[in-house]
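Chain nomenclature is as follows: A, B, C, D, E, F, G, H, I and J, assigned in order of appearance, with residue numbering initiated at 1 for each chain independently.
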Amino acid sequence: MPDASATVPAVPPYSDLPPISAKLFEAKARKGLTFDQIATAIGKDEVWLAAAFYGQAKFSEDELKKVSETLGIPAQESLSVLGEHWWPHRGIGPMPPTDPVIYRLYESVLVYGHAIKAIIHEKFGDGIMSMIDCKVKIEKKPDPKGDRVLLTFDGKFLPYAKW
Amino acid sequence: MPDASATVPAVPPYSDLPPISAKLFEAKARKGLTFDQIATAIGKDEVWLAAAFYGQAKFSEDELKKVSETLGIPAQESLSVLGEHWWPHRGIGPMPPTDPVIYRLYESVLVYGHAIKAIIHEKFGDGIMSMIDCKVKIEKKPDPKGDRVLLTFDGKFLPYAKW
Amino acid sequence: MPDASATVPAVPPYSDLPPISAKLFEAKARKGLTFDQIATAIGKDEVWLAAAFYGQAKFSEDELKKVSETLGIPAQESLSVLGEHWWPHRGIGPMPPTDPVIYRLYESVLVYGHAIKAIIHEKFGDGIMSMIDCKVKIEKKPDPKGDRVLLTFDGKFLPYAKW
Amino acid sequence: MPDASATVPAVPPYSDLPPISAKLFEAKARKGLTFDQIATAIGKDEVWLAAAFYGQAKFSEDELKKVSETLGIPAQESLSVLGEHWWPHRGIGPMPPTDPVIYRLYESVLVYGHAIKAIIHEKFGDGIMSMIDCKVKIEKKPDPKGDRVLLTFDGKFLPYAKW
Amino acid sequence: MPDASATVPAVPPYSDLPPISAKLFEAKARKGLTFDQIATAIGKDEVWLAAAFYGQAKFSEDELKKVSETLGIPAQESLSVLGEHWWPHRGIGPMPPTDPVIYRLYESVLVYGHAIKAIIHEKFGDGIMSMIDCKVKIEKKPDPKGDRVLLTFDGKFLPYAKW
Amino acid sequence: MPDASATVPAVPPYSDLPPISAKLFEAKARKGLTFDQIATAIGKDEVWLAAAFYGQAKFSEDELKKVSETLGIPAQESLSVLGEHWWPHRGIGPMPPTDPVIYRLYESVLVYGHAIKAIIHEKFGDGIMSMIDCKVKIEKKPDPKGDRVLLTFDGKFLPYAKW
Amino acid sequence: MPDASATVPAVPPYSDLPPISAKLFEAKARKGLTFDQIATAIGKDEVWLAAAFYGQAKFSEDELKKVSETLGIPAQESLSVLGEHWWPHRGIGPMPPTDPVIYRLYESVLVYGHAIKAIIHEKFGDGIMSMIDCKVKIEKKPDPKGDRVLLTFDGKFLPYAKW
Amino acid sequence: MPDASATVPAVPPYSDLPPISAKLFEAKARKGLTFDQIATAIGKDEVWLAAAFYGQAKFSEDELKKVSETLGIPAQESLSVLGEHWWPHRGIGPMPPTDPVIYRLYESVLVYGHAIKAIIHEKFGDGIMSMIDCKVKIEKKPDPKGDRVLLTFDGKFLPYAKW
Amino acid sequence: MPDASATVPAVPPYSDLPPISAKLFEAKARKGLTFDQIATAIGKDEVWLAAAFYGQAKFSEDELKKVSETLGIPAQESLSVLGEHWWPHRGIGPMPPTDPVIYRLYESVLVYGHAIKAIIHEKFGDGIMSMIDCKVKIEKKPDPKGDRVLLTFDGKFLPYAKW
Amino acid sequence: MPDASATVPAVPPYSDLPPISAKLFEAKARKGLTFDQIATAIGKDEVWLAAAFYGQAKFSEDELKKVSETLGIPAQESLSVLGEHWWPHRGIGPMPPTDPVIYRLYESVLVYGHAIKAIIHEKFGDGIMSMIDCKVKIEKKPDPKGDRVLLTFDGKFLPYAKW
């Protein structure tokens, strides 16, 4: 729902991002757009787009222009900060996370980390699931007992080099 | 591949688990069984089974009996430690994780945590994805450019209580 | 007791909250209202309301309007920051807490955490007490030897998924 | 359910307790007794008893004798370690807790700590809720949508000294 | 010695306190008053007063008025921040402390903590020395080999509740 | 009260001390002696003696002989470990302390540290209260509202060198 | 590619550097110059130059003048901050690093640190590879399976002194 | 130089590795072999081999057989621990490292981390240097002013996925 | 070399000091004076003077006047902040230090700390080298193989009190 | 003073060293030798020797033989652990140090670190004092007001490489 006066205060995590990022979030709220709607406009997935909003991915010049246009922000203003010369400095927020949504992801590492490692080794051998060549998706799976979140990581297996 | 002399040394993460756990891992290696093969024997998924091996889930008495039988370990020996009176003390290993496989999962929280939180809120409202009522799956997705790991979390959305 | 000049300085924990939050606290002090009085105005409990003031819960649009009205703050001003597009980033303050009031809660985890876990398992099985579907209450229990604080957590038991 | 061969492995949190503690836990499992049943035998609450099992409270000589008798352990054996000369060294387990049950309690401090502090001050003045003169109770509250855990802290309010 | 131009820079620990606190310190320096002289004016001890200056204790309205008057600060200005609606958020500075004066206190915990605990238990039983109902005094004890600091904690013994 | 079978388990803080220390504690319990009684035997204060038991002070050869004699331990056995060649490695236990008795001391640093520093500077100038040339005393002060612990640090003031 | 409006926001790592550093980065982006092009202008390597931009190396007066000239910044402005009187305060960013590029370097220490130490000792004896008298180079090594980064540390071996 | 009685004590880092690892190190010392000599026997580089000795890489069955043969250890003994069923749990030792040799590597991340990241981005775009598909080499470069260590990381560039 | 436009940016360690400190550093740079030259003007050593510049020592009123005069800063301006009412809050910068110069000092504690302790005990008995009554000197010792830094701590031995 | 039964318990810092190290310390105590006396026997300084005893320096084969002979330990026993194949893993004990003697050294870094860095730069330029090519000495300087410890670091200045 659009709220023409929506603002984003300079508190975490926004205070760790360039001021232009808060402006993107504000414009999104003022227009009442979802991440999915903006993502569609540039032919990307909503999770990737949200990551880019949080300074965790790099827009191409073209993508940033389209995002700016969609949000009604002068493209030059976005490009001057997040353009070609800008590189994401990834990894924001305290660890362990204090927010329960993000903590649950962290808890998955604590509880299922060794099991996931063991199954990856058993199925693929000595190597890792890349978090660089990795796509993250979120789907809503309706369920009469309560809807479910389907969170998927689709990452390339990388075998360890030996030399 | 079975190796009748396989042993599991008392180093992390095994040194943080009851000795019976190392024995389960050893029996698995000596029989040359995969987690999937053992899981099938008790009608469970391989990731859940691996989690149980790492002391992160609780076998029912019946499940533990079947696992013991499959591995050729006297059921009473397993039950005396991991039976009804035993409750998992979940969460093992150092944080941040030092092993690259597990670190990549941790990195997904650092890099994509805020994006995932934002999308969950946008799609579901104020609440979290449960890590208790959550199922974790791993699939191998063949790809000519390198096989991919498909890691899925299927967790119930829990809205925040207001009172 | 109302104090028309009451102010809230930008020090922790207020400095970690949006400026509008300090304004809510200031208006509350200037009107001389208790959390309970404001909570009653919107049909909620005082602890939940206080949590919302500290940015740890999300007002519905309607609730925020009523709170603003009660406090004499233009609703639009509150909504522009804490409205529909705003999501709580939960978890504030240092850990371990340095304030003795909050530290005592932390100490309860250190001293009684394992006992509470053991009793929950014994009474409910393998699972947790939800802190999402949980209501927190505080009552004053008069006692000639010194009044007592009755702090109650009423949380749903969530059994661990097995798959 | 009694399991005459039940054992308690020397892993956390048991490895941080005197060996006699593990023996108490083992005897409890072998007899198939609940904390409540043992607590009744000495006229105490189950949460306090569980805390004492975890080395977080001090049995009187008489209580320890009755507990030993109930469990079939020679009283002298318990008294030689946990008798009059022994004082609890309170506070066990890592912080932040890794086990999800205990973490949820910790999360309550992160999320509701400031709200609880504010309400205590508003209702009682400048002081704290004692965690020394404090009683902790757990009740099971049946609920068709899922049973609920009722966790209550009943602690004396202590006003700050001024001098 | 009064210094009419004395200022207090916004560096730790002052930067962690409300600006009015720095103003109290500045007025004290400009008038050339000791904590003892100000404390006498309100009938309190110098250590308690200094704690209140550092935001670690709560002035009553009357005390704050007298302090303000003594220092030549408009009472309303002090009350607007530190008045009835303000509650100390106790605990300032990094831990372990970096300042040698404060570190020596910390070192007393490291070196004599267990001895103090043991003697308290031996003399009083299972319980603690309250730091809430506790008075702290500092005296100068002249000594030809070098004056000595006499630091006294006079705290109520609180026995552990059993239930 | 003597307990001829008293033992001291190898858990913290005893597991951080030489085995002979546990033996001293055991002998003390078996004889039913207080720290004060043993201290009197060697002409020292009980707090200093307790500190020495916890490995935080160094017995002279003569003192250790008398302590051993008092406790019925062969002096040579004590001397072989804690004799002339042994130097205390001071500072035991985790920080922040998890035990509530010791934590309260730590809390005194958090809450009153800056006030104590300020008063010391005001009364003595730029320097510190020595924790090396410092005597620690504990007295029981009867009080109808509850006995009080009188904890005194009597430390030499050391002015900062300038060169 | 030059972007005449390029800006560098005051977020990490730029917020930890003098404002003149951000100005250097901005001028570089506005002129569309690479580190290599600027480095060539002063006869240095690109990695060393980038380190100097990040405040991790010290320009000579002459080098800073040439860099300023190349970037179109008045030399006096750069010199007033980074001139003769300025000394690098080396070491920026959080550890462990949150950015995946920098984390991979950190991971190399975790995974290969002991192996590197062992080989250095075997080849050179007891000593270290200097990180002070050390040159760091990066080359692009084309590879049909994906280009490779060649990162070289060329550091002097320093044998341990014995005296 | 062979030393037939060489032993490897169970202190860090060896105490974090399986006992068989210490045996490999001992056999190497007793035979007086260098990592390079053993590496040659299995057609690998010395750094990779040393990493495998420190449990940071996985031997193939064939490689482990040859290593065992070279060292005079029964292959079955090595295989039973480090065989097919064993997966490295990578990342050993404390961070920050306390050993000066390893600390200097860590310091390279602190001092040159941002410069290396910047140059990688400039030369390759948005992505990382893989530490999985990475080869590490150490060469001795004679120099009259003191020999130099040439440490090279040859890692594949991985561009960030966009989706 | 004087640089009339020299400035000191508000980055660590200057951002942790009162603004007047930066002004002292700036004036020093603008006049082109060394610490030694300023120290001579007030009859002190250069290391002590530098410590005072970094807020780690307390100027007497007279010393601060002379320093201000030497640097051409109005004495009243310095005195208003660093005068009689100001007390150093000692201990600046992160630990472990990230700057290699300061880290090397820290490393001396890691590597030689136990040896220094052992020798002090052997030569002086049970006690410490005071860091309060301690003078620190730095000399340049020319050496054809590379000049050497002679860093000397001259601290009073303080024997432990026994009581 | 020799004590033929002297032992060294397996507590920190000895528990972090190879058992042979404790044996060296024990033999030293049993023979009643000082570090200086042993150092003289091998032509080294007492501080270096003590460092080697604490596993922080590497004996040559010849030095270790002479030390063993001096202490009456079979040389082969020392050599088998600390011989040619052994490399010190430097850096022992917790940080910040808990022992007051070692903490005072750490405090010197906190308080005088920046001053020392500033003077080194002023006298030598951009570089560090090496802690590898560094000699540490301790002298006893008699003083009627209390003997003084003279602790000297004599380290080579290493200028930063530029490339």
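Here, a residue touches a chain if its C-beta (ideal position, glycine included) is under 8 Å from a C-beta of that chain, and two chains touch if they have at least 3 such contacts.
Please read these numbers as outputs of a predicted model, since none were measured by experiment.
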Turning angle required so that chain E lies on chain F, C-alpha fit (0 to 180°, nearest 5): 180
Chain at maximum distance from chain F, centres defined as averaged CA atoms: A
Between A-H and B-G, the pair joined by more C-beta contacts: A-H
Between chain C and chain H, centroid-to-centroid distance (C-alpha), Å: 51
Between chain G and chain E, distance of the C-alpha-averaged centres to the nearest whole Å: 47
Chain centre separation (chain A, chain F; CA means) in Å: 54
Centroid distance [mean C-alpha coordinates] between chain J and chain F, Å: 29
Chain A, residues touching no fewer than two other chains: 13, 47-48, 88, 90-92, 96-100, 103, 107, 110-111, 117-118, 121, 128, 130-132, 134, 136, 158
Interchain contacts, given as pairs of chains that touch: A-B, A-C, A-D, A-G, A-H, B-C, B-D, B-G, B-H, C-D, C-E, C-F, D-E, D-F, E-F, E-I, E-J, F-I, F-J, G-H, G-I, G-J, H-I, H-J, I-J
Complex contacts: residues of chain D adjacent to chain F: 16-20, 76, 79-81, 83-85, 88-92, 131-132
Sites on chain H touched by chain G in the complex: 13, 34-36, 46-48, 50-51, 53-54, 56, 90-93, 95-97, 99-102, 104-124, 128-131, 134, 136, 138, 140-141, 143, 145-158
Chain A-touching residues of chain D, taken from the complex the two chains share: 96, 98, 100, 103, 107, 110-111
Residue ranges of chain F in contact with chain D within the complex: 1, 3, 5-7, 9, 11-13, 25, 28-29, 97-100, 103
Chain B - residues contacting chain C, complex: 44-45, 48, 57-58, 87-88, 117-118, 121, 126-128, 130, 132-136, 158-163
